[in-house]
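Below, each structure is written out as structure tokens.
In the two assemblies presented below, chain A is common to both, partnered first by chain B and then by chain C.
Moving on, here comes the complex of A and B:
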């Protein structure tokens, strides 16, 4: 509990933790928005979510190694992952949309294993990062350091989330997506091509994760096995925030980011991931208890 | 398959295993693994296939059994903390044949019991959840357990723990083979018996419609808990033996390995979940495929395994036994009255 005393004696460290948590939390929120979209529209929990983030990072890495500016990686990763998501839907996902939930869990789990191992074979298991070329701000006499790329990542993920929201609200296709989410059968009767809507939804989800991955590789680092924690974080955020509300997804994402930073600082970095996973179990158990108390169906 | 002929085939399978050391002395450790995997797949199926609770976290019990057994085996002779601090200790920490045997005799059942205890604790927390919430919660538990074990110094933290090294006088490969075979034989016979009792119908009722089962007066919570505890006990036993088979216990790559956690599900589904012979056949087929991948696709074997998961789950979800059943339904119906075969046929008719 040495670190707790440190926090109390030098409150300025709190600022550092809160800021770091906020920056990474926005990325979690971005991946979680994608998961909520796929979950709400297609009734699939995409376990390959974290792997899309990882792939987005590797796309950016390849671009930078080819000599492009890292910021170009964000749209590039989004486009590449959009195409990949579309292809995955046409190859595999369409077969499991109406099926058993466990089949879709396991199938996307298989996809995630395949992607991890593929990237491990191609790029090796090392931790990689990309130099963004942006500077560092020092606050409070250098007690708090803020890398500008993290700030940029934070605002960009908020902007991407808002753009998605506008798209869903106003665009014709966005309306079709929402209609399908409400009632796929009725949407089909009214002339919505639900198969295409599903394909677009899955591809948009992949693109969102790809953009998040591009931000992750610039501001933090990536490696082939980073995916599962991102998936579970997204799942946790969606459970806490619900499927339909963008603002609460972002709030939950930021909250999780901060909680995680504190846990990593207080318990030691080696227990940070364990904290995330146990928090997931705790959130699920808590949800369970509240539902049971309200005598609701536990589905 | 009719119950008696099924039992005869089972006895033949177990008896064939007894001949292993003389038939394939060079591949004994692979065959030990095969027996243990069979136990894992059957145990997973008791929850996933029979009770309808698809757990992604049965690997927790595997790891708990493995560590609990290793701690007992070492702790009988040396202080565990010193042993793990010395990284398995080489020359200092020597085990005599008697110490090894005593450790195994106590450690393996202890591993199973600890896993069972863990299942009861986790079950109280998790078994109220349904469907994908249960699946994801157990997945979270499994990865959390790996991370915690990798941070706990007493059991060697991230650098793992070494099971006691057998002295040269013991033919350890053969010993471990017979242990694996023994655990598998007990598990196979027990599950075969369990799946012929009314307990199977009770847990199948939970799978088919839990609310209705409860409304009909079934003790669903007790039945789920019992099924999970049994499943965990055998998974823990298998883990305890597996720790001695691989000798080195790595928290994330072996004990709480997500890979083995997926394999046990895959083996059950490949063979056909919700049947006794499905996981058994699935394990054998999967094992052959895995060995072939490891031999001929070196480097890409794990990619191929991921692809295999997708293919099996998407295109072949009913498994080998399920396919045979829909092809030759006569094989599975018996002229007798009210046995498991008939119940199954009725269920299928109701589904159709």
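Moving on, here comes the complex of A and C:
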């Protein structure tokens, strides 16, 4: 209650919370776009989503330690993760595309554990960060601070979302991806190389997460076991937004980010993540009710 | 950190000279025929993590024990009654798992006949081993279990040389109270913000801070519990900006320290005092440079402290010897482990016997000074003579600023506002 009064008395802190929520939400959205894509096209829930984010962060870290500019980490992480995603598809994922969803959960969960342990072996469990080299903007007499790298994250995820939308709509491969999503069998009969479509889809997902990871290491911090909250938030966003619509995925991401910031401020940091789960339960229950109503209507 | 010290004679030469002396002494004894000093060895048992997740700190622990045993034996061993005994340690690897630690403690006591135990690494393993040593009434001096819960069980044979977790940041609150006038306030007008991780160890730290704040009549305005997964403190810091507390206390292992240092600087949170734990494991100076400046950090021990004893000399002497022997600067885990061995030596000599019960009573009456700090146990077995020290990052170095008795410099309080820096 006291915290709520604070927000009413000094509305400027609302600005801070909304901005921070938007920025962190944009990064959630990047990973969620990938998850929606893989889920929608391949019918696989990729549990290793958060680990791709983590790997993207480590790629950036290595690059910076080798003396490169941190911002270069964003494309570099995307490229490295694209290749890794492709390789993972060829090694594991192709075996489970047409299988049971339970199998795909298990397989990607296995991949996520392997990645965690591998990174723990190589880099140790320490928390790592990278200085972005970008500054901070001060608004309202320094009451509101805006880290430039977070702004970059925000615009980048919007741009990537747009590019992906254009790609899916206009490019040949993009059309093939959509065709496969609609009906893989029909697409195959009509000459679409669905295996290649799946590989590209999974690789694009990994690349998106990699870019997100590069931003996370610059704006916050990474360590080998950071993945799960990112996977869960992606899942949450996709559940809310549905599989078909990129714009709504981004909107849900931003919304979740802001909701989380308010929950953290009003209820205390310990409830920030708990709030996400609560929201997830609420959404699932809500969805169940609306669907039940729809079914009744159809009868 | 200690590259500037001078060499203290060639160790080989020193060793040779000692050997010579020892031979002469032995010869004299033999001819005298009165072989009063019987050969005897006191074996201390220890289950230490040499593999698994605590292996790094387990190694520090073992190195600390070994160095102390070596130094004590070189200095003539332990005089128990009219006998002079050498010390030895029997180690087992507990693989960083509590169950294994307890089994090994049982084996040390029952099969190997060990009558005295040194502690393992970490609170969790200490908690697993203590019931075993209690059962067989074997005194254990431990140096690496700081959890408060170790000292609420009424254990009679457990003694800890380190400061317990609830003491970690109490010195920060003391420092705030001492410096209240520099902020133009009375201690009971001050406000405290807490951002402390939601795990048992960190919550012990929180309990200590709460107690001390209450003692001074300070008001807690923020009390956030950081979840384990969180890598973003911005909501808590926004609250700090809004409520303007006089002191911000952060504790959440290395991740908490790193996140706090970075985001406090980025968001330009102006607080007169910022105190945290785990600064050294988060390497805040190396990683964040200027952003870490003026941060107050709690530590068990520092080589720059003016503590000293007759075995190791000063804290700095210990640090030099350790670095010469093992090739790296001693973390506090190694220092406190070495101190545990000194405590045993002191107790053996005062007990004048190797009867576990008498040694236990002598341990309970310990009141000594070591290079690691004063050691005196209360009835629960925790050390109440050694305060936690508080560093402040000043010009890119850790400088001891509290407690006042050991301070190298006066703390910069209030720390300059971000807009006034540089």
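One rule holds in what follows: the second predicted complex is superposed on the first by the 294 of 299 C-alpha atoms of A that agree within 3 Å, B and C clash if a C-alpha of one lies under 4 Å from a C-alpha of the other, contacts with A are read in each partner's own complex, and residues count from 1 in each chain.
Please note the rule applied: a residue touches a chain if its C-beta (ideal position, glycine included) is under 8 Å from a C-beta of that chain, and two chains touch if they have at least 3 such contacts.
This one's a predicted model, so the numbers in the text were calculated from it and none came from an experiment.
Using the contact criterion defined above for the overlaid structures, shared-chain residue A:101 touches chain B, although it does not reach chain C. In the superposition on chain A, A:73 makes contact with neither chain B nor chain C. Looking at the shared chain after the overlay, A:45 reaches chain B, while chain C stays out of its contact range.
In the superposed pair of complexes, A:265 makes contact with chain C only, with no contact to chain B.
When the two complexes are overlaid, the chain among chain B and chain C that reaches more residues of chain A is B. After overlaying the two complexes on the shared chain, residue contacts for A:16 are found with chain C alone; chain B is out of touch.
Once the two complexes are laid over each other on the shared chain, residue contacts for A:228 go to chain B and to chain C alike.
Applying the stated contact rule after C-alpha superposition, one finds that A:288 touches chain B and leaves chain C untouched.
By the touch criterion defined above, A:126 lies against chain C but remains apart from chain B after alignment on the C-alpha atoms of chain A.
Once the two complexes are overlaid on the shared chain, A:110 sits against chain B while remaining clear of chain C. Counting contacts as defined above, chain A residues 228-229, 268, 270, 273-274 meet chain B in one complex and chain C in the other.
Put simply, chain A touches chain C in their complex at residues 3, 6, 10, 13, 16-17, 20, 24, 125-127, 129, 136, 138, 142-143, 145, 147, 216, 220-223, 226, 228-229, 261, 264-265, 268-270, 272-274.
Chain contact summary for the complex, chain B toward chain A: residues 54, 56, 125-126, 128-133, 135-137, 139-141, 143-144, 147-148, 150-151, 158, 258, 262, 265, 269, 299-300, 302-303, 305-310, 313-315, 317. For chain C in complex with chain A, the touching residues are 53, 195, 198, 223-227, 229-236, 238-239, 241-243, 254-255, 258-259, 262, 266-268, 282, 287, 418-419. Within the complex formed with chain B, the residues of chain A that make contact are 45, 92, 95-96, 99-103, 105-107, 109-118, 120-121, 228-229, 232, 235, 268, 270-271, 273-274, 277-278, 280-281, 284-285, 287-288, 292, 298-299.
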